[in-house]
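Here is the structure we will look at, set down as structure tokens.
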Amino acid sequence: MNKVRVSVAGANGYAGITLVNLLLHHPQVDLVELGSRSLAGRPWSEVFPLLEGERSFVSELDPGQAEVIFSCLPHGVGAGQALGWLGAGVRVIDLSADFRLSDPGLYPTWYGVEHPAPQFLAEAVLGLPELHAQDIASARLIACPGCYSTAAILALAPAVAAGLSGPDIVVDAKSGVSGAGRSPSLGTQFAEVQESVHAYSIAGHRHHPELIQELSRLAAAPPRITFVTHLVPMVRGILATCYFDLDVPLAQLEEAYRDFYRASTFTRMVASSPHTKFVSHTNWCLIHLAQQGDKVIVTAALDNLVKGAAGQAVECLNLALGFKPELGLTMVPQWP
Amino acid sequence: MNKVRVSVAGANGYAGITLVNLLLHHPQVDLVELGSRSLAGRPWSEVFPLLEGERSFVSELDPGQAEVIFSCLPHGVGAGQALGWLGAGVRVIDLSADFRLSDPGLYPTWYGVEHPAPQFLAEAVLGLPELHAQDIASARLIACPGCYSTAAILALAPAVAAGLSGPDIVVDAKSGVSGAGRSPSLGTQFAEVQESVHAYSIAGHRHHPELIQELSRLAAAPPRITFVTHLVPMVRGILATCYFDLDVPLAQLEEAYRDFYRASTFTRMVASSPHTKFVSHTNWCLIHLAQQGDKVIVTAALDNLVKGAAGQAVECLNLALGFKPELGLTMVPQWP
Amino acid sequence: MNKVRVSVAGANGYAGITLVNLLLHHPQVDLVELGSRSLAGRPWSEVFPLLEGERSFVSELDPGQAEVIFSCLPHGVGAGQALGWLGAGVRVIDLSADFRLSDPGLYPTWYGVEHPAPQFLAEAVLGLPELHAQDIASARLIACPGCYSTAAILALAPAVAAGLSGPDIVVDAKSGVSGAGRSPSLGTQFAEVQESVHAYSIAGHRHHPELIQELSRLAAAPPRITFVTHLVPMVRGILATCYFDLDVPLAQLEEAYRDFYRASTFTRMVASSPHTKFVSHTNWCLIHLAQQGDKVIVTAALDNLVKGAAGQAVECLNLALGFKPELGLTMVPQWP
Amino acid sequence: MNKVRVSVAGANGYAGITLVNLLLHHPQVDLVELGSRSLAGRPWSEVFPLLEGERSFVSELDPGQAEVIFSCLPHGVGAGQALGWLGAGVRVIDLSADFRLSDPGLYPTWYGVEHPAPQFLAEAVLGLPELHAQDIASARLIACPGCYSTAAILALAPAVAAGLSGPDIVVDAKSGVSGAGRSPSLGTQFAEVQESVHAYSIAGHRHHPELIQELSRLAAAPPRITFVTHLVPMVRGILATCYFDLDVPLAQLEEAYRDFYRASTFTRMVASSPHTKFVSHTNWCLIHLAQQGDKVIVTAALDNLVKGAAGQAVECLNLALGFKPELGLTMVPQWP
């Protein structure tokens, strides 16, 4: 089988770097171009010190060279370019938020701008294989969900779909610092973050409408979800701790989860509350159910840059091109 | 004024070490004896490398030498000794869980043993100055609350007392690793903890009955509280994120909090969600209120070894002996 | 080609865990047994939470089932067992120190015991492919060098072999905490290690005679090497900073290094001083040369559990069995 | 005694923040103004969240209000302003590098600019109390040495002064990240620094000429010193590991160190190799001597923001104003 020709825009952020490293080791991928305006003309090895060879970043990708383009550009920047790539017949897998929300009316509220291409929102498929594997397989525009959204949706989808998630869900999510991206800022400086934890975006985080959208599609009525994010002094990992009332036996809920994920390649139920480190540098999402009185506590752990971004994007590539879902994603687990 | 003669039992754990360092700098304290069975006969400088002098740890404290004994012994170990100290006329400030719960029936459930001295439970005063300052002033047995309990109770007490905390409270608490104590274990090894976060004791944490007890005293009916603890890769700090429904304006709740803590020395409302690092190595507890829809999110941050243990114990000493509450506790804030 | 049947003794330490994870993903390895006395009878998934299946740890490996046994047992424990395995015709790759030093007289000095099987010391080959590839290919007993030794020897070998390393070499080495192993101890507790760096074993570290032995073989006379180790608050990684006087142009030394490592699979010269994170979770060793006045500063970075232990052991397996050197070792680089 | 009126320029960097927190707790200091161009008009509480009151940062300090001005401005920025302050009769304690080097010819080499006020270089006194206590007492312009310089000079001064430091000294220094300051940069982002160590400025670090200058004053001839700095994933702390040949018994060297620091308030010899955490958040410098063959290894540990910057500056204030050296610097030691 011929390899698929792939390019990556925005290859010098953390999601982009992780993605490029995965694609370089993917047996069916031929990496054609890496795009970065700030690094245009500079060799790939400036960002990938273990990489040999003489290829350099380009300012703008040439859609004529690629069959698939991954966009890791910032929110709002990539949408315009994506239209051009789609017009040139290239399949697009977008890791930004630009096509995640189906309702164009949500963009001004959450991103402060009118959506530049609302006509594509209906076509875009959310790149969450556990929910949309079939649509992903035939999509030409795949919008990978946010890292927090992936964790929270996977933690709650089976309960919501089974009508067992109660009337009031709380999601308390904790993330490592790499989720904030690679651009230097005071809030992600080592000396500010180390030895500290805090909540942020309490009034409303941009991933909130993603999980509302996806979980509402599974439920008779939109669930009520409170969602608060926290910054934890670690590089990678997201843990979502979810709380809701249960009025059936826990075993019935567990059965619903096992059924929901029976065919899943990378999401799995585990017998004890997962540490984020268990899945560090892997594409796994581990989910655990426990109970305290009538309250269920679901914990879900994943690596925000892999299952929460680049790994899931590769999963989507595999589905879209008919490869095995785990191709290029069987990384060696790493402990400690 | 003469200094008060003070001894410390269990001086080589993290709470004990923190306490001794505070007492050594307290202007009204004369530190008499440090007890540690494992270090008996060894010089203080083995645990306190900056300390000069030739004094050594003793196996058993001599209650005849002290007016106040702080007990940092493990749960279950100190209760028996405390009886002897009380019998010798010494005031006891206990940092263990042995006298925190008034109901002797709770000890077999949460600590696996019958309480060895239930007759003292009625007399013991919980060492949380924000709630029990008057009783602490006259108590001869003070039981300092747990680190998580201190954070959660301070986060919720004003809302519960004002009847504004709704029918269903969730407390998602995050702690640094020093809360697990100084005894080596696999679960607190650097390589296991670094770059990871996880929930633990989900089915029930020992600090849960403490917060139920204290918040029930403030409410018409015992509040329903779900309480889940998490281990975060940092040495110090606790953040409690609390969720409940509010059916009055947030300003009314804020007023209730400000009133409740108006006279408080170390607990204070702040305008943005606190980072645990703001209070690192201090006796402060910072509390913030925010809202997401009808849900209130209260965040409370403190240093688990200071306000959550040794600092609060010194606060109790100050109240019990009529010193100013902040004596010996005006540590230099430290950033970063 | 048939897969090679491999077993691992001491599979529950950090080197053992890393090795098992690598072997599970090695295309030519069939993992037969995992040995651990403390975990005998318990399922593999207790140590490898992502692993499915029902196999359990055994107390003693059955040499009849394996063609190759990796020993990750503690120093002094494995030597006796290795004799039995060798006697049964199994090839042994030992990650402990038991067969690293050729001179039996060194064991009482550095390990406090007489060597139990000095007759095998002459036969054992040091498992450092950059120096001993040919001997490894035909060895039945391979002794992998220590993590510090690997870094320091690779940093210095080309200079010593070329006679350019001056009369007085200082090696200041920094390691992450996982190098101390997985057994809980106070010195590796998170709260003791975080936010701190210190030197240890200053008077003499056990890896010192290994680097003396290996570098002496390359030199006309044994070089004078001072070697001091430091603990750094990170999980993985070793950086060796080496200092010696140079009386030829730096370019000449650089040429000697490039020549020495021209055919090397995993050791490479780089243009700027390497961060240990560049090679985290990989089998690479990166080396950089710089100059300050007449002093050369060589920095070498590797992952102590991969190139410094388990990865190098797999490299040795590949050489011994005629596989490509990088088989099973092309891990996806990971940043951040 | 009246308090001394003190202002601080550049109060929003890490050294400035640490200094302000110390000065706020200094019993003989009345803090008058805090200067910061970027924060002019903003309340102090934006940088000091535990601080109450309504005072705001000013753009330019008014020298008429202060008896002493501490300058924490960046190198090159403060020198011009310092001239104005001195002209107004204010004593200046400068934490930048602007007046550390006596030889104006060194500034173009190390700082890339001609010195703007070379006439003051002869008058400036280096603010290292262990070497210059008497001069500090009468100085009107005190230039505090760099954090690395303080550690390395204190580690080596007694040996150099006694003529026992051999012909070739290597200083391998390790620092926490706060030494790089508070301005966001890629190299100090959490995700880049965590889990990594590397050497930097190998060809020449700006603190190198400071230690050459100071140690040369103590020696018959300028010592040969190689000095390499490393970044360690921790917020605070410097460890300097120093290597030199010794041809007298170690006890003789130890005696020289004890004599040298006998009257020192904050520098002390210790019996085992110091962890930087021992002195975290304190003004102590701990020094240890050990031997490996004929090589002496001196390790010195201090907190880069306290003894390496703000604390030492307060020490200088105390000396200059005739206060006790430890006034305002008896911070509670903190473990863990």
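In this document, chain identifiers A, B, C and D correspond to the written order of the chains, with residue numbering beginning at 1 in each.
In this section, a residue touches a chain if its C-beta (ideal position, glycine included) is under 8 Å from a C-beta of that chain, and two chains touch if they have at least 3 such contacts.
Please read these numbers as outputs of a predicted model, since none were measured by experiment.
In terms of C-beta pairs in contact, C-D outnumbers the other of B-C and C-D. In this assembly, the chain whose C-alpha centre lies farthest from chain A is D. Centre to centre, using the average C-alpha position, chain B and chain C are separated by 45 Å. The mean-CA centres of chain A and chain C are about 36 angstrom from one another, to the nearest whole unit. A straight line joining the Cα centres of chain C and chain D is 39 Å long.
Among the residues of chain A, those in touch with two or more other chains are 14, 176, 178, 191, 194-195, 233-236, 274, 336. Within the complex formed with chain A, the chain D residues making contact are 14, 176-178, 182, 184-186, 188-191, 193-195, 233-235. If you check the complex, the residues on chain D that touch chain B are 14, 17-18, 21-22, 24-25, 48-50, 178, 194-195, 235-236, 270, 274, 278-279, 281-282, 284, 286, 330-336.
The part of chain A that touches chain B in the complex is made up of residues 168, 170, 172, 174, 176, 191-192, 194-200, 202-204, 224, 226-228, 230, 232-237, 239, 241, 243, 245, 273-277, 280, 290-293, 295, 297, 299, 301, 336.
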